[in-house]
Amino acid sequence: MTQSLDKELRENPIAASVDFQRDGVQHGHLKLPYSRDDSAWGAVMIPVCVVKNGDGPTALLTGGNHGDEYEGPVALSRLAQELRTEDVRGRVIIVPFMNTPAFHAGKRTSPIDAGNLNRSFPGRPDGTVTQKIADYFQRTLLPLADVVLDIHSGGRTLDFLPFAACHVLPDKAQQEASEALMRAFAAPYAMRMLELDAVGMYDSAAEEQGKLFVTTELGGGGTSSARTVAIARRGVRNLLVEAGILRGEIEPAKSLMLDMPDGDCFVASEHGGLLEMCRDLGERVERGEVLARVHDVLRTGAAPVEYRAKRSGILAARHFPGLVQSGDTLAVVAEVLD
Amino acid sequence: MTQSLDKELRENPIAASVDFQRDGVQHGHLKLPYSRDDSAWGAVMIPVCVVKNGDGPTALLTGGNHGDEYEGPVALSRLAQELRTEDVRGRVIIVPFMNTPAFHAGKRTSPIDAGNLNRSFPGRPDGTVTQKIADYFQRTLLPLADVVLDIHSGGRTLDFLPFAACHVLPDKAQQEASEALMRAFAAPYAMRMLELDAVGMYDSAAEEQGKLFVTTELGGGGTSSARTVAIARRGVRNLLVEAGILRGEIEPAKSLMLDMPDGDCFVASEHGGLLEMCRDLGERVERGEVLARVHDVLRTGAAPVEYRAKRSGILAARHFPGLVQSGDTLAVVAEVLD
Amino acid sequence: MTQSLDKELRENPIAASVDFQRDGVQHGHLKLPYSRDDSAWGAVMIPVCVVKNGDGPTALLTGGNHGDEYEGPVALSRLAQELRTEDVRGRVIIVPFMNTPAFHAGKRTSPIDAGNLNRSFPGRPDGTVTQKIADYFQRTLLPLADVVLDIHSGGRTLDFLPFAACHVLPDKAQQEASEALMRAFAAPYAMRMLELDAVGMYDSAAEEQGKLFVTTELGGGGTSSARTVAIARRGVRNLLVEAGILRGEIEPAKSLMLDMPDGDCFVASEHGGLLEMCRDLGERVERGEVLARVHDVLRTGAAPVEYRAKRSGILAARHFPGLVQSGDTLAVVAEVLD
Amino acid sequence: MTQSLDKELRENPIAASVDFQRDGVQHGHLKLPYSRDDSAWGAVMIPVCVVKNGDGPTALLTGGNHGDEYEGPVALSRLAQELRTEDVRGRVIIVPFMNTPAFHAGKRTSPIDAGNLNRSFPGRPDGTVTQKIADYFQRTLLPLADVVLDIHSGGRTLDFLPFAACHVLPDKAQQEASEALMRAFAAPYAMRMLELDAVGMYDSAAEEQGKLFVTTELGGGGTSSARTVAIARRGVRNLLVEAGILRGEIEPAKSLMLDMPDGDCFVASEHGGLLEMCRDLGERVERGEVLARVHDVLRTGAAPVEYRAKRSGILAARHFPGLVQSGDTLAVVAEVLD
Amino acid sequence: MTQSLDKELRENPIAASVDFQRDGVQHGHLKLPYSRDDSAWGAVMIPVCVVKNGDGPTALLTGGNHGDEYEGPVALSRLAQELRTEDVRGRVIIVPFMNTPAFHAGKRTSPIDAGNLNRSFPGRPDGTVTQKIADYFQRTLLPLADVVLDIHSGGRTLDFLPFAACHVLPDKAQQEASEALMRAFAAPYAMRMLELDAVGMYDSAAEEQGKLFVTTELGGGGTSSARTVAIARRGVRNLLVEAGILRGEIEPAKSLMLDMPDGDCFVASEHGGLLEMCRDLGERVERGEVLARVHDVLRTGAAPVEYRAKRSGILAARHFPGLVQSGDTLAVVAEVLD
Amino acid sequence: MTQSLDKELRENPIAASVDFQRDGVQHGHLKLPYSRDDSAWGAVMIPVCVVKNGDGPTALLTGGNHGDEYEGPVALSRLAQELRTEDVRGRVIIVPFMNTPAFHAGKRTSPIDAGNLNRSFPGRPDGTVTQKIADYFQRTLLPLADVVLDIHSGGRTLDFLPFAACHVLPDKAQQEASEALMRAFAAPYAMRMLELDAVGMYDSAAEEQGKLFVTTELGGGGTSSARTVAIARRGVRNLLVEAGILRGEIEPAKSLMLDMPDGDCFVASEHGGLLEMCRDLGERVERGEVLARVHDVLRTGAAPVEYRAKRSGILAARHFPGLVQSGDTLAVVAEVLD
C-alpha cells in the first residue's frame, strides 16, 4: 500500500548470467537493460565472477564503485583470473567494476546519469541506471554476503595514504569483527573514517544489513602503481583468509593506526587558482604551518593565499590536480594513534 | 615576395604591457586580441614578469607550455613574487603559463584550437591563437634571450622521474654550454632526450636561434608535490646563478645521468583496457620482464595481455591513467650512464 | 492527502489550442510552457489535429512516440492534410509527433531530459518535459479515446519486419477487439509482442484504461520508405474503417502471424565491434546457425565472435548500425504461426 | 513516519560560515558539499553577507535567483560592501548570487543540474544541487526573515520595463504591507504580476510562510546598465528604510502602476525565424496593431508572419534575442492603471 | 605557377540559383556543397535576392556578416520583400544572412568551423566553409558591385551607439564618395572607425577593389529594436537613392560626427567578474572618471576594481553581458567632432 | 626550394609494423603518433594486413574511407582472416578501416579533426591526423600498388543501389583496364559516376598515379546486410582473380549498367522537414513525377513541398534519414544503359 512497500515488491531489472548457488568458477554479467539513443535494445553489462565451494560464508568484493579508482579493479581482476574452486570454502562474489559505465569512462560518476554510486543507496528499481545498480546490490547481492569489502582510492582529484578503514557502529560486536578484517587487510595505514556527506553510501547500506564491512583508500590521482596494487592484492587475500573463506596464511605487514577526530582535520580552499602543496603525503604537520598556497592565475606578482593546518598530525590526503576551485578540500591532517 | 618573407614582415598581434628594456620589476600581460562568440572584442591575457638590472645576459623562463604540467607554473610564480631588481644582473623574463588558455583549462592543449604549443613552432602571426603565441616567442621573445629554460612535467597522462635534459646539437660549443646549465639545475636525474615526434617544438626553435636551452620533466599526473616543486625552485635558481644572472651560490644536489639510446626504450600498448603496472618509476628493470598487463574491461577471467621490457635499465616514465588505449606509450626504460 | 491524490488534483500545464468537443477540422498545438536558458518564457509546441463529426467513437492516433521513427509521422501528417469532416463519424485525434522535442532532434529520446516517452507513463504534471507529456496523454487524451493506435518502427538502431501488434490482456473481450483492429490494419506481419522492459509504456497505460490498443513496428534504421509508408497509410485507414469512424471499405492485404514465445527469440552481444549479419530480415533461420559475427576493430586476423540462433524461425528484427556494443540485442527470431 | 516528515527531519547539508545571530558585519559562504568528477570533495560556495545590530526585523535580500539577471547582483554586491553595523536596526541578510552555479555560468539555470531555482521550491535536502539550495532557503533562511526582496530582471531572453511587483494574497494585511514595500521601492513601474507557471516559485514559498515579499523585473537581455542599477540601489535602500531596518530617508521617485489582467496580455509565436519588433518597451499599443513580424530565415521574398496585439496598453516586456522559436512569448502588453 | 595563381584559377564551389545578369526580381540561394556527418551530400544554402533593371550601378547589401547582429538581416529581409523592378535603375544584390551558418546559430562565428567571416578575407576556394564564403564574395560578388554596404551591430557581447562608418583611404576620391554615402545613410551618429585587429576584414577587401564602402554599428546585445531597425531601413534606402540606384528622395536625419583618434578611447578589463557600468551609451564622460567596476563573484565585501576613462568624450560602445573576463574591452569613449 | 619539394622531403610520421616486402601473411598496424589531452604519447593505430607471395602485381584494398560505411570493413576483415600466402601471386594490402578514428566513431568524418578523408588528398605530413593518413596513402601505399579498390557505401545519410564504378579518364587504356576490373567485380549495378565535389578525392590521387582504380557504393544507411556483404565479398575476390593476384575462378553475376549524364539526375531540397519518399531504390521514375514530399514539422495541415524528377530513369540513390535539411540531396535518378 505504501510507496516503500511498492518499491520492495517491484523486481530489479538486472539479470545475472551466473548462478550464485552453483559450485565452481563462473564468469558472467549483471545485465541491466538500457534503452537509449544509440541502442534502443541495449544493456549495461557489469562483469561478475562467482567462485563457490560448498557451504561457508560469502564475501562480496567490489572495486570501481567510483569509476576512476584503480587498485580495486586491478586486484580483483587478478583475483578473478586466479581463484580456483578448491581455494575456497563458501563463496566469493567479485564485481571489479561496480559502476561499470563510470569505470569505462574513467570518471567518478556515471556518464549516463551523473550518478555517484556511493551516494545512490538504497537505490530504486525504477530509477536511473546508477540507482538500479544500487538497488541490485541493496536487495540482491548484499543479502547474499557475510563479509563486504569495497576497495576505494582517491580517484582523479584526491590522493590518500594507503589505508583500510571501518566505521564506528552501534553494534559493537559487528564493529569489532569488522575491525579484525581491517587489521587482517594490513594496509600501511588503518583509519576510522569521518564521512563528510554520508547520505546514500554503500557502506551504510552494508552495515545496516548487519554485514562485516571494510573499505579502503589506497592511493589516488586516477592511476595505480605496482606498490598500491600489491597492497590491495595482499589485503584482499588476507581478508578472505581471516574470514575463513580462502585457504592459506595471512601475510602480515606493519599498519599505522590513524584517526580523524573532528572537522579540524580538513582544510578547504575559498579561492580558485594554482595549487602549491607545502607538505607531501605522510609528512609530519604542525598546527599553524602553511600547508598549501593558492596562486593567482590571471597575473604574476600577487601574493598567494596561504592555508594553514588547524591541527598537528600527518598529511593523510590532498587535493590532487594542479589547479583548485573554491570549495575544494585541500588537505586532510590525521592524528597518529599508535 | 616569398611566403616566408611575408610572414616575417607581418606584425604579431600580441602587445606586451611591460617594457622589456626598462630596469626594475614589472608585472604585466602579453595581450592577444581574440574575437569570439562570447567576447567580440576580447583578448587572451598571458601573464609576464620582467626583472631587469642593467646590462647582462637574458634568461627566458617558461612553464605551462603544456597546460597540465604544474612544477613550472608554481616555481615561476614564486620566483616572480620574490625576485628583486638588485638580485639580478641582466634580465629575467618569466612566462609561467605560456599556453595560458590550456593552463586555465588544465589541459595539455588549448581549448580554443586544440593547439599543442610545443608542436606549433615557428607559428604564424595570422594563424590560430596557439600559432600566434608560438610566433610571438619565435620572433619577439627568443631573440631577446641568451638562455632559455622550459619547465615540463608529464601532464595528466604521463609520469616521469624528475630530470633536466638537453639535446644533442650540431654546434658542440652550444651543446656543452647547455649541458653545463642542465648540470647546474641539479635535478635528481639528467637526460639526453630522444624526441618521438620533434616537428614544431619550442626546443628546436630556441636551439636553431643559437640559444642555450634546457628543458625538464619533473613529475606528472597533472599535479605537483612539495618535493617536485622544491626541485624546480632549486633548479631555476641554480641555472640563473650558473648563467651569471642571479647573485648567489649554486645549491648542489646529486644527479644521475640517464640515456635513451634507441626506440627499444619505449613500450607501447596495442590493446585498450585496464592498466596494471608491474614496476614503479625508478625501479630496476631487466630485459624480457613483464612491465605491464592490460586487462579486459568487458569481462572477468580473460587472460591479460602482457607487455615486456625490450631492454634493461630503470623505469623512467610511464602512462599515468588507470585505463589505456591502443597506441599509448606504456613505459620508458632508460639506461643509467653514471 | 496522499501523494497519489495530490498528483491527480494538480493540473497538467499543457494547454490545447484546439477544442476537442467542436465539430470540424482543427489544426493546433498542445502548448507546454518550458522555461529554459534560451527562452525564459518559451514552450514546447506539440502539433495536434482534431477531426470531429457528431457522435461516435474516438480514435487517438500517434506517431513519434520515439523521435527517430518515421512511418507514423509521415502517414499521420498525410492523414491530417487529407481528412475532411464528412469522412468521419465520431472523432479522430492525430498527434503525429508525440515526443516533439525528440522528433525534432531525430532521436529516440528527448534532448531536453533524455526522456524515453514510452518508458515515462503515467508521467507527472510537475515532472520533466517528457513526464508532463506522458501525464497529458494519461489524464487528458486517453480518457477521450475508445481506440488507440501508436505507430512505431525500429528507429535508428533497430530494423523490423513490418508488423502490427497487440498484447495478451486479462480482459479477453478487450484483447479480441484489439486483435480485430490489428488484423484490419493488414500489415505484412502481425505479432503478439513480448516486451523486454515494460515499465512505463504507453501501451499499458492505454490498456489499463480499457482502450482498444494497437501498436506497430513498420521498419527502422531512422528512415522510412515508399513501401513502409504505404503500409502505414493503408493500416491507419483500415483501422479507422474497422472502428466505424472512417467511411469507406477496408483494403485487404496478406498478413503473416508471428509469435515470440520466450526469451530464446533474442540474441544479444557480449562483445563490441564490427557487426556482420549472416541473415537478412524475413529469411528463414535454423536453431544453431550463425546469425551474426562480431569482428575486432583494433586489429585484423583475429577470429570473429559468432552468435548463433537459439531457436528456428524467421529473422524478425536486427540491430541496425554497423557497429555493435556489448549488451546490444543483435537479432530476434520469431516463430511463424500461420 | 511519512515521507513528508522524513524530509523535514533530514538536515540540509549546507553549512554557513557566518553566524546569523551575531552582531556586526560578516562576509562568508553557504557551503554545499558537491562531490563530482572534477572534485571528489568539492563544494558549491554561495557568498553571503549578514549585517546585524541588536533586535529588530530581518530583511532577506537576494539576486541571482536566475543566473543571467544582473541588477540584483550588482546592487547587492555594492550594498554588502557599504553597509555598516550602525546603519542597521535588526538584521540584513544578503545573498547576491542565489543560484551561484547558474550565476557563474551566466545562465538562467544551473549548469550542474539544469535546475531553475525559481521553479524548485520547496526543494529537497537530498535532491539535486538546485533543490538543496531551495531547501536551505525554505527551511533555514526564510524562517529568519520578516521582509523578503528577490531582485529579478529579464535575463538573456527577455527584456522588461523596470518594475517592482507583488502578488494578490489571501491575507489582505500581508498583501497591503507587501504593497507598501513595493511602493517604497519606487521603481519607474509597479505591477501586480500574473504568473504563467507558478509551481515551485520562491515567491510562493516566502508568501506561504507569511513573509512580506517584493519581487522585481528591472530590465533584461543578460546585461545591466547604470540606469537600472541605480533603480535597484535606490529601491533596496528605500525598502529597508520603509521596513524600519535601515536608518535614513526614503528617496521618492515617480512610479506608474501597471496591470496584466488576463492572458490576452501575452503574444506568443507559433513560428521560428528572425524577429522584427514593431514597438519598443514603454510604447503605446493599440489592440489589433502589428506588434512583431517573424521572417523566414531559409529564403528571401517570403511574406513574414505578423503577430498583433490582443489588447491595448503599453509594451511591458518582449522577447530579447534576434531569433525566435515556436512557443516563445514575443510580447506582453500591460494596462496602465494610474 | 605560384600558389596565388593556383588559387585564382580554382573555381569557387558555390553555385548561385539566381542569374545576376537578368532583369527583374529574383529570390534564390548561393549553394555551397558541404559534406558532413549528418548529410554526406548536403549544402549550405545562403539566401540571395537580386533586383535588376537595365544598366546602372550595382549595390551589394549585406547583413549577418556576424551571425548575432540583427538590424541588417531585418532591414534587408524587408527590402527584399518590398523592392520592385521598377523602383531600381541598375542592380541591387541583397544577402541578408551573409554567414548563414552563424546566423542560424545566433552566433558571431560559424558553428561549422568557428570562422569569423569578417576576419576570413580574401578566403580560399578550397578552405573551410567560412573561407569559401569569403572567397565567393572576394572573387564573384565584390567585382559585380560599385557600392557596398555591410550592416553590423554589436552582437551578443557589445552594444553601440547607432552609427554609420567609413575608413580613411589612400584614394581620397574613393574616401570622399564613400563618406557621401555614409552621410546619406543618416544614422544618429557617424564615425571614422579605428579597427583593433584589421587582418582579413570584408571592409578592406571591398576597399582594395576600389568599391565605395560603408559599414555600420546600429546597436547590439544580440537583439534589434523597432528604433534601430527603422534607422537601418531609412539608411539603406537613403544610400541607394544617393547612389542613383533607387528612385525617390533621401529622408534626412540629424547625425552627430564622432571620432576615435587613438587607443586611449578603449578601456579593457584585466579582471574577470561582475560588471557594473557607471555610464550609459551616449552619456558624457570626463577623463579620470570611473567608467566601470568589476566585482568579485566568489565573495562579498571585497573592494571592486575600478576602471577609469583615459580621455573625455561620450560613451560610444560597451561590453554588453553582465559578466566580464580578463582581456575584454569594457568601454569605448569617442570624441564628438561636430 | 619550393613548398611542394619540402613536403615531399619531409617524412610521414606513420610507421608500419608490417614489412611490405616480406612474403607471407602479416597482421599489424600503421602507427601514427598523436599527442593529445587524453594521451600525451598516444597514437592512432590503423590495422593493416599484407599477404605476399613472390613477384606479381599489388592490389591495395580499402574500406572505411568514410567511417560509417560497413560493406568494405566487413568484407575486408573476412578476407584478412581467410587469405593464405599460397592463394596469392604478388601482393594484397588490406586496410579495412582506412580512416580508423572515423570508423571507431561510426561517423563519416574523423572525430579528431572533422576530416573527410576522401576530400583530404594529397594530404600533408605535417597536417591534421586525417591529412597525415592521406599523405601516407599518397606517398607510401599508392606507389606500391597496381590495382586499387576502395569500397564505399552511402553511410548514415545516403542509400544507394549496389554498384561498382569507374571514372572517365584521359588515358583510355587505363580507363578500359579499370572498367574490366569493375565488370569483374560484378555488383548488381555498374556506374560511371559524376562527382559533385571532386577536390581532394582518393580516387583522383590513385588515377593520377596511373593506377587501375575501382570504387563502389554498395548500400548505405550506416548499416550492412548479409546481401550487400555477399556482393562485396564476391566482388573483391572476382577483382583479385581478374587482376591475376588471386588463384581461382571469377564468380559471374548479372550487372546492369547505369549512367548519370548530367546535373538533372540530382534532386535537392530547399526546405527542412519530414521527408516522404514516393519511390524506392531501383524503381522506375518518369520525368515530372513527385519523387518526394517535405512536410512541415511545426504544424499539421500545411501542404507539403513536392519535389519532382527532372529526368526519367531509376532511383539510384536517396537521402536516408527521416528528416531533411535545406540543401540536402534528396534523390538521384540514373539512366539505365543496358
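In this document, chain identifiers A, B, C, D, E and F correspond to the written order of the chains, with residue numbering beginning at 1 in each.
In this text, contacts are C-beta pairs under 8 Å (C-beta built on N, C-alpha and C of every residue); 3 or more make two chains touch, one makes a residue touch a chain.
This one's a predicted model, so the numbers in the text were calculated from it and none came from an experiment.
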item	value
For subunit C and subunit F, chains touching each	B, D
Equivalent of C-D within the choices C-F, A-D or D-F, defined by over half of its residue contact pairs recurring	A-D
Longest centre-to-centre distance from subunit B, chain (CA-based)	C
Copies subunit B and subunit E touch via same or different residues, half shared test	different
Far-end chain from subunit F, centres as C-alpha averages	D
Centre distance in Å when subunit A and subunit C are each reduced to the mean of their C-alpha atoms	42
Distance from subunit E to subunit A - Cα centre to Cα centre, in angstrom	57
Centroid spacing, where centroids are CA-atom means, of subunit C and subunit E in whole angstrom	49
Computed distance of Cα centres, subunit B from subunit A, in Å	35
Residues within subunit E bordering two or more other chains	3, 29, 45, 68, 270, 298-299, 321, 326
Interchain contacts, given as pairs of chains that touch	A-B, A-C, A-D, A-E, B-C, B-E, B-F, C-D, C-F, D-E, D-F, E-F
Of all residues in subunit A, those that touch subunit B in their complex	25, 27, 29, 45, 47-49, 68-70, 73-74, 77-78, 80-81, 94, 96-97, 103-104, 106, 159, 221-227, 229, 274-280, 283, 295-304, 320-323
Footprint of subunit F on subunit E - complex, ascending	3, 10, 13, 29, 31, 33-45, 126
Complex contact set, residues of subunit F against subunit E	3, 66, 68, 107-109, 114, 116, 119, 154-158, 196-197, 199-200, 268, 270, 319, 321, 325-329
Touching residues (chain side subunit A, partner subunit E) in the complex	270-272, 298-299, 326
